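I have a structure I would like to understand better, so I am pasting it below and will then ask my questions one at a time.
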């Protein structure tokens, strides 16, 4: 087993190539499955907000994606934004649904790092009900118009300021009529 | 497309690092004597420092370079010294025989009372900070087990009487306990030798010892007179037996008024 | 050379990677917030350990010593990425919970430890047995910690509510300090148990 | 301002050892003494930053253009292992004194979760090059801070008379838990 440099480089090349090839093959099988599952998951969420949604068109604003939803007769029924907020335990990513007249009709937290038992109140009705029904024109400043949940001020405050930001975006881009 | 690209990238990275490592192996090759690694494996690896070096690997380097004697690894003893000689191809030197730790104190709680009740950290060095230790005798063993903690070979254990006991099988004579003991009660002596020794460490005058301890040497010189081959001398109120001259005749044991002279190697299980 | 049976059984108790060799502490602390996650992580580590032990013991004579580390890491990383992809495709809920700790199985001390300490020196059969023993040992330990943290942290095991509604769950167990303290006490108990069972 | 927030979060509120659970194996092993912890900490900061930069560049120019995100783990760990071994060889030859102080930790660092963890976190949270460097250095400092504090605690623990079932890793983990509780106090102060 000569320890020559060539042999060392060659060994790593062979092992590297085999590993690389194997991985991309496996990825070939799994990637479509992952893609397709993520899509169905999002579609279900979309139908949760707008049962009669037929088609949607994705639009990227900043680093967030907004889905412009239309029903089977093609008229605009609402917008769903995949957006992020700053929480106590880091980024919270969630979907916010606004109907065509600009009222919030629902939201779904997709991932968060809030402290279990305290910060995760944002996933429950108790917090979300405070925001449902608000129009994009209404002011939402934490603690003034919509009070934060005591004990989880950072999480809920973060969510409220992010919702305010998202509502402004939706207001400008989609509420043109 | 994915397949070829991933093979190229990972394979490429592999060959890049393979080449770099090969080049580095040549360019930055440090001439290291392969025997050093072999000798390091032979050494016990307790990094006890008995050979006076930081650890076994540096000791191995010095042994292979010949800067320190082959048998300088005391815990290793003859067995390790011989195997190193085989590796280095030099004839095995007669090493001085096995050395073992010896506790030079018999002062248990009932025979050597305390000056005050010490409630501090259970560590001899810490106890020494409180006016030199809670024991009436200023030289005796405090029995808080610093040596037991320090021993890398777990050869020391705390006896029921509050004094440490040496397991002569496990003890390799590395001397870590002797260094750890703030009162130098532990001495590293040759183990298998027929002789007597005086298990006391007190340099105080006879009058002081009488108050401090019932089994302390008061320097009365009875043993010095009794010994037929002048093996016993008294240095600052403490009788010491010279092991070369001592013929293990036992005359001093009878002469000693306090009966504290013991055989070398006896594990002192006291009353 | 210990017998084949010993090769397997040592991984379960005598040399249990988590409680005796103190390997793989990072995932043990991080994802055992529930028994299912603990079990899922245990099985993934088990799968990667088994495959990498086999491959490493097969190629151990061809790999020059200087590049031993990168070569083994390549093999382990391949199996980890495969596990990552398979979990992402078929068990998404587990994949989301384990998150960054799946890629970190590559540097998990158990696998690298077993590869270096064992697979490099023994033939394939012994390596397989060692991987089986260690793998089962890890899965048991992770599931055990998961059960304890879920039982007291959320009053349920594998999601089934055990402690009834009156039980006020100790939320702290789901947080990082809870993980450290639970594992610390468990280690103490295991040391005590091993001492009593006389397993040195 | 954003960089300051990254530094604060990386060192205190989201400390890589105490709240992300990365690098626990060396954490239990090396924190027996303060000087070994500092030595390890310095080595980790150096390797972590170097690895983060190289992996970030690799990801930008090699993986992202071809959409091979799934190769991230394998490519990163290969680069890290190769780099660490290279650094070890170069250090051993050019600066033996530094090698004796830091070198012994290098093989330990290859299998250290923090290095790969930070490399992946940098890329996953879409940091640009400056943020990557700042985040890596800050995380390294956070790691060293946690280790030195723990080493200080453990050196005092040696003198405490406790049952020897708890000695060693068990008591370290429990005190790390309390330390992590303290660090949780910083959590809400600054958000990224």
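In this document, chain identifiers A, B, C and D correspond to the written order of the chains, with residue numbering beginning at 1 in each.
Here, contacts are C-beta pairs under 8 Å (C-beta built on N, C-alpha and C of every residue); 3 or more make two chains touch, one makes a residue touch a chain.
Just so it is clear, the structure is predicted and the values come from calculations on it, not from any experiment.
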item: C-D against B-C, pair bridged by the larger set of C-beta contacts; value: C-D
item: Chain of greatest Cα-centre distance to chain D; value: B
item: Centroid spacing, where centroids are CA-atom means, of chain C and chain D in whole angstrom; value: 21
item: Mean-CA-position distance for chain D and chain B (Å); value: 38
item: Distance between chain centroids, defined by C-alpha means - chain A, chain D (Å); value: 30
item: Chain D, residues touching no fewer than two other chains; value: 68, 70-71, 74, 78, 81-82, 85
item: Junction residues of chain A - those touching two or more other chains; value: 3, 8, 11-12, 15-16, 19-20, 23-24, 27, 31
item: Multi-partner residues of chain B (each touching 2 or more other chains); value: 2, 5-6, 9-10, 13-14, 17-18, 21-22, 25
item: Touch-based graph of the chains, sorted into line, ring, star, complete or other; value: complete
item: Residue ranges of chain C in contact with chain A within the complex; value: 33, 59, 61-67, 70-71, 74-75, 77-78, 81-82, 85-86, 88-90, 92, 96, 153, 169, 171, 174-175
item: Residues of chain A defined as touching chain D within the complex; value: 16, 19-20, 23-24, 27, 31, 86-91, 154, 158
item: Interfacial residue positions of chain D with respect to chain B in the complex; value: 62-63, 66-68, 71, 74-75, 78-79, 81-82, 85-86, 89-90, 92-94, 158-161
item: Chain A residues within the chain C interface of the complex; value: 1-3, 7-8, 11-12, 15-16, 19, 22-23, 26-27, 29-31, 33-34, 37, 111, 115-118
item: Chain C residues touching chain B - in the complex, by the definition given at the top; value: 66-67, 70, 74
